[in-house]
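Please go over the structures that come below.
One chain, chain A, links the two complexes that follow: it is found with chain B in the first and with chain C in the second.
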Partner chain A sequence: MLFFSYFKDLVGREVTVELKNDLAIRGTLHSVDQYLNIKLENTRVVDQDKYPHMLSVRNCFIRGSVVRYVQLPPEGVDVELLHDATRREARGG
Partner chain B sequence: MASGLRIVTERVGDGAGQPVLDPDNGEELMHVQPGVSIVLGNRPPESPGTLYISTKQVVWLSDTDRAKGYAVDFVSLSLHAVSRDPDAYHSPCIYTQIETGAEELESEDSDSESDNILNLSKITEMRLVPSDPNQLDTLFAIFCECAELNPDPIEAEGEDGHNWVFSADQLEDDGGEDDDSEWAIPENSSHSIGSNGNHDLAHSVVQLHINDQRFEDAEEMEQDDKNGHH
Partner chain C sequence: MSGGPGLESLVDQQISVITNDGRNIVGVLKGFDQATNIILDESHERVYSTKEGVQQLVLGLYIIRGDNISIVGEVDEELDSNLDMSKLRAHPLKPIIH
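For the complex of A and B:
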């Protein structure tokens, strides 16, 4: 549940979600659920030449299982805290 | 697992009929939207039709041809979105991407669109265009609700045998929470991680510190013992 908790904290921030089919979508993180399904608002496709028809969609729901990466805003990353939390998670707590 | 788009030739009921659902497996009809045309890939729109959204799948049935219809399971829908930008598509629509599970096997060369046979395994995009654009937000919300009801099945241990968690689906048995997924909506977007907005994580860190102290104590006690012996 670590990443669920973590992504919840990034709600309202700009993130880029890269899918396993190479599509990368940038938008404001609206919400996330326990399956890491992601809802974005005010989205745009990063590589617009490759995906011109997806130029812009207002709301977008992305299935958690098709997400490859989520690029985070640097200021949203507390390295120390994540370090501690991941260590604890790895311990099975 | 992701089966992509299917052709639907069977339906029940009189007139235009209704899709055949599977109530024995808990499938329920959630929403019916008349007056929807469907656009598969770059093909021209097909209409008129009616959209049926169940807890498992999205079904589009032609109003005029009882043998014509398409269906896709929610587990095969990678994403869905509301598209209102006329540059993206000339009519406001629900835009979806479909995971076909066939991508790796595909070879582009043998692809002949000219033979006019619809190869559904190659359709990775579907647009649903309601005649009333005001329905888009409602449809989007229902799509979201149903997508959340259909997480991927838990897969067996990965090929490499590690216990790494690669996706949320593997966490399912971990949570103990019920299936109603709770979306996190911003209450206070200014809070930073670990502060009051995130009890789980803050709690985790507190526990971590406690554990660490205990280990430190243990070390000291060991030291004391050694000192005592010498």
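For the complex of A and C:
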């Protein structure tokens, strides 16, 4: 639940999603759900010459199960806040 | 779950699906469910290779199991019609490795 809430706060920001097939897609975070499925708008593949497979796609849905990393904008991360929240969750409260 | 990244807005539209084994299937979205199982109508597969342009294989009506889906992209018809598939060369996408 913690990371679901966290990603919901990042809606509207520019992120790069790296998939488990090495494809990296950059776009504006449109929405996220409880499976951490992600919808991106205004997408472009980071290495378009190597991966021209999505040239005609500007908006996409990415299944949460295939995401390896989400690269965040530095200003989107409050490390102190995340520290506190993860510790609270670990304590079960 | 309202406001989540559902596929409602893509129904009856042309979509491009990338599967976990690296295939690219394009078709009209007719239905989907919670598990991202998908019904595609008038679908075809786009086969990428480095030796020749993109081959299109007609598949017809397809159901793709959600487990096997990586990306569902909304096809921009204008961008798509301006693509010269016969000139596109690329390695096939790698499979998803969990």
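Just so it is clear, the second predicted complex is superposed on the first by the 92 of 93 C-alpha atoms of A that agree within 3 Å, B and C clash if a C-alpha of one lies under 4 Å from a C-alpha of the other, contacts with A are read in each partner's own complex, and residues count from 1 in each chain.
Keep in mind that, in the parts below, contacts are C-beta pairs under 8 Å (C-beta built on N, C-alpha and C of every residue); 3 or more make two chains touch, one makes a residue touch a chain.
Since the structure is predicted, the reported quantities are computational estimates derived from the model, not experimental observations.
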item	value
Clash or fit (per the criteria above) of chain B with chain C on chain A	clash
Partner chain in contact with A:37 - chain B first, chain C second, else both or neither	both
Chain B versus chain C as contact partner of A:12, first or second or both or neither	first
Touched partner set for A:62, first chain B, second chain C, both or neither	both
First, second, both or neither for A:3, with chain B first and chain C second	first
Dominant toucher of chain A (residue count), chain B or chain C	B
First (chain B), second (chain C), both or neither touched by A:85	first
Among 8-16, 80-88, 152-160 or 206-214 on chain B, the segment whose C-alpha atoms clash with chain C after superposition	80-88
Touching both chain C and chain B, counted on chain A across the two superposed complexes	19, 21, 23, 30-34, 37, 39, 43, 53-63, 65-66
Chain B contact footprint on chain A (complex, rising order)	1-9, 11-13, 19, 21, 23, 30-37, 39, 43, 53-66, 76, 78, 81-82, 84-85, 87-89, 93
Residues of chain A touching chain C in the complex	19-23, 25, 30-34, 37-39, 43, 50-63, 65-66
Chain A partner contacts - residues on chain C that touch it in the complex	1, 3-7, 10, 16, 18, 20, 22, 24, 36, 46, 48, 66-67, 69-76, 79-80, 83, 88, 90-91, 93-98
Residue numbers on chain B that touch chain A, as the complex places them	77-85, 87-89, 95, 97, 99, 103, 124-125, 140, 143-144, 147-148, 151-152, 167-169, 171-172, 174-175, 177, 181-186, 189, 191-194, 197-198, 200-201, 204-205, 207-208, 211
